[in-house]
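Order as written gives the chain letters A, B and C; numbering starts at 1 within each chain.
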Amino acid sequence: MLGLDKKDTSLFLLVLLLVVLAPFLLNPFPENSELAQFNAGYPDLMQRFLIFGIFAIGFNILFGLTGYLSFGHAAFLGVGSYAGVWMMKLLTMNVLPAIIISVIFAGLFSLLVGYISLRRSGIYFSILTLAFAQMSFSLAYSVLTPITNGETGLQLALDDPRILGVSQVDGSIPLAHFFGVNMRDSFELSLGGWLFTFNAGYYLCAVVMMIAFYIAVRIFRSPFGMMLRAVKSNQQRMNFTGLNSRPYTLAAFVISGMYAGLAGGLMVAMDPLAGAERMQWTASGEVVLMTILGGAGTLIGPVLGAGFIKYCENIFSKINDNILYEWFSALPEAVSDILVFVIHPFIGKGWHLTLGIMFMLIVIFLPGGIMEGFQRIGKLFSRKKKKEADASGATPAPAE
Amino acid sequence: MDAILLQILNGLDKGSAYALIALGLTLIFGTLGVVNFAHGALFMIGAFCAVTLSRLLSLSYTTIDPERTDFLGNPLKVETPYVEAWFGPETGAAIIDWSVPLGILFSIPIMAFIGLAMERGLIKYFYKRPHADQILVTFGLAIVLQEIIKYFFGANPIPTPAPDVFAGSFDFGAMIGMDPNVIIYPYWRIVYFLFAAVIIGGVFAFLQYTTFGMVVRAGMADRQTVGLLGINIDKRFTVMFALAAVVAGLAGVMYAPINSPNYHMGMDFLVLSFVVVVVGGMGSLPGAVLAGFVLGILESFASMAQVVSLLPGINQIIIYLVAIVILLTRPRGLMGRKGVMES
Amino acid sequence: MEILRVEGVNKSFGGLKALNNVNFKVNEGTVHAIIGPNGAGKSTFLNCMIGRLAPDTGTVMFGDISLTGMKPHEINQVGVSRVFQTPEIFGELTLLENIMIPALAKRDGDFALHAFARVDQDAEIRDKAMHMLEDVGLAEKRDIIASSLSRGDKRRLELAMCLSQDPKLLLLDEPTAGMSRADTNNTIDLLKRIGDRGITKVVIEHDMHVVFSLAEKVTVLAQGTIIAEGKPEDIKGDPRVQEAYLGGAHL
């Protein structure tokens, strides 16, 4: 289907199914139950899953295939966001032009950064991208304030010119829409104790993400994708084979930059503001985390990594000591005190600690990320089965 | 002329910090071949050693002085630090006052231990793994260390003053025969610079004149051959890692009065220090020191009002710009060795 | 017809003169061996030919194209392939992919943004790669990862990669180094078979057995200078060559 082979088609359909049904799947607990806090089926969070999924898919095209570790990809996301907000300020509240312009600007910026940074490889490349990102961040914070609105961040205002729209509706800023469909519109479905929310913005993100995912699959299976893997494997051999590795890596860099811009544009479409902190190197580090955690170089890994980190971030930051005490209420007080004391540093504001530890564990023990974990478990099972099969084959069949 | 001198002086303290961190980074990279993204965290931990010591020294017990009353008329509670009780009020107060310099002694064993634990417990397993993995695992470690500090010390900067003797500034210009009141320079900054110079000199002397240092330098140049000579180079490299940690820690301890320690100061310095290492030349110790000071001073020049009005924002990005230009025109850096990290 | 003409090439590293006014010609369709003791400058010479090193002076002409100053991938694109001393292959990729890449480079040039084509549906390239693998006897292993091959197999894979580009000139740097006698003989057979395709080959070799069973012409390099050139039989008896190799002792 769609030019994909059988395996990729089923993978694509699986992702499609998960994304479409996410409002159900992520809300497994009834609204009034204690476990409702583990639900993730609300629009804001689900949108973040998809947007960071796109970001990570794009990053993976660069890092997963070519092995070039960029520490500055958040800059492209930031540039995309700013461009998107400006489009909404100047042109129209329709999100489509904003998203398109985000991709274009991020693409152009990554062309510039990539052209320079890719003249070096290895750690030098990482540091060059890091330097560029930090530079953009500093500039966005200070000199470029007329464009970025500095520390406050760029927001819509009541007096925006908006050529193809209106500056304000009934004294307030008009809402972002996609050809009349309001991004904040939601349809709520109440079934028994469950409440499911189907949000227009989420489904726009879903469509965009499926397209982004599809393109990534095609790139992975294309001669171009194979060349990118060749870059990672042996650049010397590649050059002596008559291939110019520079344009290949640059193309990969720009494509992944455009994915970052797309993610930035979608963020703006969901919530029309942009701030410099989106460009900070910790934000670049986050997308590296997502990709590694899910499994660099795999198709679906980065999406899983992004979802996993954003979900944990949400849950861990929400839990506080009171919630912990509630959970442990069945235990004797002394035991629950100790448990809460032990868990306390890892929750709430301590989420980053948990993240750091998780990340280290993954790099140390599971460099292939979650996907490698699945494979190992899969192998374990198949080996077990094989052993059992061998065992039953080896024992002589009892006489009938 | 005096304006130039002033900017050079202003760049010295930051330059010293860059140089010390970059020196440690280079030691680790040169000996162990590891790119340590957690090195900034070691600098930060050093600064918090100073904070911890000054808190420990000010630990007090409370007595009630019935003869005096507070503003509500209740008997006055008097807080007496233990050190004052033990060593007498004057010596005690002096000890508390000097807590930052004392932090040097306090931090050395702590930093050495952290360095050893890091190398033996984690880095050791990453020698054979790709540089990307080393970057990633030390990046993770940096997050963990910084969050631990944040958990114990909070997110706000903690003012940690220098001893009273060094508070305030002096007129450097008048001292060297210029017009008075032109070059006013804080005492502590000059202390920091001298301190950094001593440490850097010490590290170089150690590498240059001791047998241990000679073996380490030989190992940096050709690890395999030194290993073949039957010398246990790994053990020495572990010691070098601890040394680099101590250097970073000391840089942090003494930096505490200049900039109140906060949990993310390590990350802030790390990015710049990496740039410094790259500009100086990966694997070159003199290069790291030189680049540290050059970039520190350059940054201070870029912050001059005249420069900023001409090129707004240049002070924010000058270091990165220089790094980009250097990397593109002279990839080995100012004093880099051939072949290091080039393939 | 000359396919490769090297004229007046000099190359120094600091004070060391690695190549001293080297002149060298290779006729089309022949197998030409370059021999010489360790440190004679053989590898430097090869590197100057394929653009890995730039000679200080002198020209390297391939047909009527000057190779001096060209980048490695450009030199390959005009029809010069190289087999390295230690096999350079794409270790993380499958054998089939290892051969499809050079085949694609030959067909589509040094860069092609075919981001939406399907590798596995490119019948032309696939068939070619399969053929190549069969030729070198690695067809059954086509789906395994190249780094898991034995050294001898890696060498054969690398050879197949070069051959899949139908090069006009093939440079081989010690193609049998570190091989067992049996593997060496297999490689000789293989190289002889490629001879049938009319590919010109320049072989750098230590092993006289290999040289004398393959080469039609031999050039002897010592201390950066060519000291002898001729048919293998003539070279064998040349006293200068014996001196260079054995330091004066007679065979």
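Everything below uses one rule, namely that a contact is a pair of C-beta atoms (placed from the backbone, for glycine too) under 8 Å apart; a residue touches a chain by one contact, two chains touch by 3 or more.
All of these numbers come straight from a predicted model, not from anything done at the bench.
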Central subunit by CA centre of mass proxy: A
Remotest chain, chain A as reference, centres from CA atoms: C
Between chain A and chain B, centroid-to-centroid distance (C-alpha), Å: 35
Chain B and chain C: spacing of chain centres that average the CA atoms, whole Å: 53
Between chain A and chain C, centroid-to-centroid distance (C-alpha), Å: 46
Chain A-facing residues of chain C, complex: 50, 71-73, 76-77, 81-82, 84, 88-93, 97, 100-102, 104-106, 108, 110-120, 122, 161, 165
Chain B - residues contacting chain A, complex: 35, 122, 125, 129, 131-133, 135-137, 139-144, 147-148, 150-151, 267, 271, 274-275, 278, 282, 312-313, 316-317, 320-321, 323-324, 327-328, 331, 341, 343
Chain C partner contacts - residues on chain A that touch it in the complex: 3, 5, 218-219, 221-227, 229-230, 232-234, 236-245, 247-248, 251, 255
Complex contacts: residues of chain A adjacent to chain B: 67, 69, 116, 119-120, 122-124, 126-128, 130-132, 134-135, 138-139, 141-144, 281-282, 285, 288, 292, 345, 349-350, 352-353, 355-357, 359-360, 363-364, 367
